[in-house]
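The following pair of complexes shares a single chain, chain A, combined with chain B in the former and chain C in the latter.
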Partner chain A sequence: MADTPVRSMPVPAEPAVFSGVTIALAAPCARWSLRARDAALLEKVTGLKLPRKIGEVVGETVCLGPDEWLTRAPAGATLPDGAGEKVAVVDIAERALTLTLSGPAAARVIAAGCPRDVERLPFPYASRTVFEGVEVLLQRDAEDAFTIEVWRSFAPWLWTALTQAAADMEHLPA
Partner chain B sequence: MSGYRIDGLGRVDRSRRVNFTFDGQAYAGFAGDSLASALLAHGVTLFGRSFKYHRPRGLLGAGAEEPNALVTVERGGGVFTPNLRATAVEIHEGLVARSQNRWPSLKTDFGSINDRLGRFFPAGFYNKTFMWPRSFWEKLYEPAIRRMAGLGDAPTVADPDHYAATYAHCELLIIGAGPAGIDAALEAAGTKQRVILIDENAEMGGGALADPALAAWLERSLKALAEAPNVTLLKRTTAFGYYHDNFIGAVERLTDHLANPGPQSLRAPREQLWRIRAGEVVLATGAIERPLVFAGNDVPGVMLASAARTFLFRDGVAVGRNVAVMAAHDSGWKDACAMARAGMGVAAIIDCRSEVDPALVQEAESLGIDCLIHWSVVGVNGRHGVKSVQVLHHDDFLDRRLPCDALLMAGGWTPSVHLWSHSLGSLAWSDDWGAYLPDKPNEKVRCVGACAGKWSFGSGMNVGHLETNRNPAAIKAFVDFQNDVTAKDISLAVREGMKSVEHIKRYTTNGMATDQGKTSNLNALQLASAAMGKPVPEIGLTTFRPPYTPQTFGALAGHAQGPLFQPTRKSPIDSWAEAQGAVYEPVAQWRRARYFPKPGEDMHKAVARECLAVRERVGIFDASTLGKIEVIGPDAAEFLNRMYTNPWKALEPGRCRYGLLLGEDGFIRDDGVSARMAPDRFHLTTTTGGAARVLNMMEDYLQTEWPDLDVWLTSTTEQWAVIALQGPKAREVIAPLVQGIDLSPEAFPHMAVREGTICGVPTRLFRVSFTGELGFEINVPAGFGRHVWEQVFAAGQAHGITPYGTETMHVLRAEKGFIIVGQDTDGTVTPHDAGLDWAVGKKKPDFVGKRSLARPDIVADGRKQLVGLLTDNPAEVLEEGAQIVADPNQPVPMKMIGHVTSSYASATLGRSIAMALVADGRARVGQKLHIPMPGRVITATVTDTLFYDREGSRLDG
Partner chain C sequence: MILIHCPYCDEQRPGLEFAYAGEAHIARPADPSALSDEEWERFLFIRANPRGRHHERWRHIHGCARFFNAVRDTVSDKFELTYKAGEPRK
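Entry: the complex of A and B
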């Protein structure tokens, strides 16, 4: 089979552009869930620098819990799987996809369904939270730049919800 | 009464005429008018018919408290909104409104016969009278009562509008933009705090809108707030509920007030739900004036004095040319004088108190107002409007006629403590106010202004019923206007033994209407207090519950309608199935292809074809929705050994095992085939619906029972697309596509797993079978699921590959007697009941549920066991859920010994098959049992659950 495998994504490849926000599907990337009691051991196994505070982002690595991290890398990258060590490295590249929200209205669009105080989130910062009933990983990279990582099967719902909220926002004064 | 527009007063924009209709008649008002003020300006007095007695009703209030003037507003295309308060409907060009609960018209309403018959149905009448015969209630009594008693009609057309929702955070939330709320906002303007000020009206200002002396202050203040970057002003927004930790629900109305909201597709959301988390809440919700209780207090034209003042100064509408005021409170005197000074004709102030502040009397007299102190109104003359009132001197008990065209009531003030009470702040009775005031807070909240009892309306007297010289049993003096509760209903409730205010409320329905007793609760308390001879605080107060005013379902649903109602999870291959015309079924949150009909096929035919294709050639099935968990760590095998019933420690890497999961009660919770990928890495599968539950259960044990184990769990359900390829040709189909895996039966036996690539995509290839045929489950990264599926499907064409859905999967597994957790089990089935003893490790020291398997009830005889059933008539397919009896000739009710759990027409076997849970089922193998159905009884023979390929010879293809 010489054909290059074709990747299918459940949300449109074309960005949705609104007056205050652009919502787009990010390029595919590698993702790993990292678990360990001992962060230093995990750093040794993976060669990554791990943030220690929940919500903290160092490079492409996020601390999600006392023993849990997420790290990302360009598609095709590899990471040692830590076999035999007291760590867990799981490839979850395909479990989720990432949507980017950029523009001055991005925080308001996210606040339409996310109970966190989105406006006052520091950056860089990332945290597991929800958009209405759907679990997401919300990351703020700059004042006007957010990414939302969501499990693949929930992505069409989230895409519709975010674009609907952005469309509503055009009618509603800030 | 003859209301009219008065020159030079009010905030309405007289340069902008607004045309609208009410009950088909054309009217014009001004921009800024409510439906109530615009109609009042035309001399309209009659706004509605009451709930129970169909009495003609006019306006009582001018705001959220209005109980009478409920109207329906058309929204076009058969869409309408019922039960809106005319005082809260802003008029716009082309507005179409109509009255409710009347036939054939508001003026001539047949239902008003109820008023004449009123003495035959007092409080509790319905409950007592329509008890028997019981069967009549649903078919006859209830529909008839519903037709007669009621509010507006419920819309039958789907709501075409959409609704927005948002969360908001602020350090200070102020509810109510009257003078007190605005002052609180001004204090915080320019600070670093985020401030939100919300108000339910179209214009902010509250009571200040009806006080010309405050007009300049109001304009200045609102301008300052609008310019403050830290203040958000939300008008037309009702805070309807106050929830834990300063979480407030509010609805902002966005389009209903617009004459032309635009075409539906481009329209703004109709309403927006605000979910606000506030650091501190300031309640500036004001107070509501109380009516007085006397005969005729509901005649159109009898209204609250504060409402008349508001209509005059806010809207420029005088409610009459010659009005009288019935006061028990100083505020009535102040309002009367203010209105008289503004040019409205005030004939008299009647006050039931024996003494009134001389300064007030002097002022009233100087304005030419007749002052009748120690007098009460005992009757109102007029049916659709006030012609005159009968007044009674408390000393001589004789009544005389006083001509007037409206009667204004001033019974004192009730602070609006609704939201305070939602927040579970405590209340304390105040004799001065004759009402409950906020006492101790339960959240970070404070009350300001009238809501806190900190506003000077003057003083008054707390009265239940005004003095009268008439027979109290023969008069209707209304307490709750919306639910038609009268003073005598309250005394009847007390006479019949209701001692708690909560019981009185339910017996009389006082306070249970859409206005939640905003004008009636305190008067009812006073009346009950007098009837019981107990002070009010000993009787208590009914509970305030959200919403403060009725809200639309649309707003509460917010985004959650249409495609956003709930996520429909779709597998990576779903789009292919859709293009093939698959019929779907919901499984947990997923939709799954149930079968793939060809033209002219029904489900039965399609499933028969799909089943035979798998048995004879090869079928392809999307199993992506199965739950998957990656279990990693040095203690992974130990962990699984404790979770599952069977032994896991000896499983070699590269091999799979069926795992059975119990709860602590010993009952089956989930099952699935799992693989050991490496000594410290397992790939678990769970049922589709059980995925999240199983992960939670395992995390729970790991974190609370065995925190010493070095194991980590990661959900990989969505990491992998899973393509099940089942049938004798399965190996031939994938052989040319797979690289790096020896597919030969010797190198890759049943219940094994290998890693390699397929179609250039990395795969975890399982050799497993849920059909009894040679089978593979191809796990590939989800993004490439559809690609690999299409390649496999193309390669399978030469072998007659057939896509199949969940229905065929169910039939094929039933032919092999494989259970489906949740279908053949119901949370009360043990491994032994299900015939799965082989999957329970006898030598294991422990596993979740082991202890329960030795409980006396679990080991006793007579438990229901899973068996097969073969009907005498092979064409008969039993109904799933059908009950089973041993002797069909018993008298009804028969002893039921079990039920059918799975039942199908098996094309492979050329007959029907079924599985059933039957008491002592395995001991009954060979016996005939009976399944009674409407009009007939079906007979079947008990068998074991293995219907096909008893030797298992087909697993190798």
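Entry: the complex of A and C
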């Protein structure tokens, strides 16, 4: 008999609501790390359209490096693994989780712990960077909408740091 | 904060995203077991350590994750230029 997988979430399921920003845990999803020297071959294997510029986002696919992409899909989705081809398609669904930050103060809250010039980031845009010493994948989807993907074991700290920044921000002039 | 130009991302990124990785252009000997102890010591430990213009490896570890090379002034800490790994010494 197969064991039933148990997923425990290291951050609260309830969104944290502040004036100007809401921080919430996104639903679990499928994630794959894609590596290949030949992007066209990787496109052929996966059927995905791959952005070629680092930071660029096409649909749910992000170009992370010159030979590295991340793609996401609803939980339970599948992707061809490209066995035998010179590509690497690795399931990393459970490695990370995603927090969403939405609202007019979202950029300022992220800027509290991130050395990027967050308010001036274009969108859509995604890149690895750091937040309070923790590596994250920061994505901007709209003027007021960001997601932060982080490895699970760092998530409780990231949640604490973000909600503390958001709470502090409520006391600052807009 | 110091800003470093990543030649792969092709933009200025905060220094916190990068890791230093030692002097650049030090080729690993093709046949290590043919080396004398002195030659092996020179490869492992002996570095130029200049005062001024220094060729060094950096890694955009919290970004595109690529290694690249940089010329940095060890006195002023100013980056003169950065270029991709594999390109000739500049």
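Throughout what follows, the second predicted complex is superposed on the first by the 168 of 174 C-alpha atoms of A that agree within 3 Å, B and C clash if a C-alpha of one lies under 4 Å from a C-alpha of the other, contacts with A are read in each partner's own complex, and residues count from 1 in each chain.
The rule is simple: a contact is a pair of C-beta atoms (placed from the backbone, for glycine too) under 8 Å apart; a residue touches a chain by one contact, two chains touch by 3 or more.
All of these numbers come straight from a predicted model, not from anything done at the bench.
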Quick one: classify A:Pro5 as touching chain B (first), chain C (second), both or neither. first
In the overlaid three-chain picture, which partner chain does A:Ile54 touch, first (chain B) or second (chain C), both, or neither? second
Touch test for A:Ser127: chain B only (first), chain C only (second), both, or neither? second
Name the contact category of A:Pro115: first (chain B only), second (chain C only), both, or neither. both
Of the two partner chains, chain B (first) and chain C (second), which one does A:Pro66 touch, if any: first, second, both, or neither? second
Determine, under the contact definition given at the top, whether A:Ala13 touches first (chain B), second (chain C), both, or neither. neither
Please determine whether it is chain B or chain C that touches the greater number of chain A residues. B
So in the superposed three-chain picture, is A:Glu135 touching just chain B, just chain C, both, or none of them (first/second/both/neither)? second
Residues on chain A in contact with chain B in one complex and with chain C in the other? 115-116
Per the touch rule, the chain A residues reaching chain B in their complex are 1, 3-10, 28, 33, 35-37, 67, 81, 83-84, 86, 88-96, 108, 111-120, 132-134, 151-154, 156-158, 160-161, 164-165, 168, 171-172
Touching residues of chain C toward chain A in the complex: what are they? 1, 8-10, 13-17, 62-66
For the chain B and chain A complex, residues of the former touching the latter: 162, 164-169, 254, 267-269, 272, 275, 277, 559-560, 563-564, 566-572, 575, 590, 630, 632-634, 678-681, 710, 712, 714-720, 737, 759-761, 781-788, 791
Complex contact set, residues of chain A against chain C: 54-55, 64-66, 68, 115-116, 127-130, 135
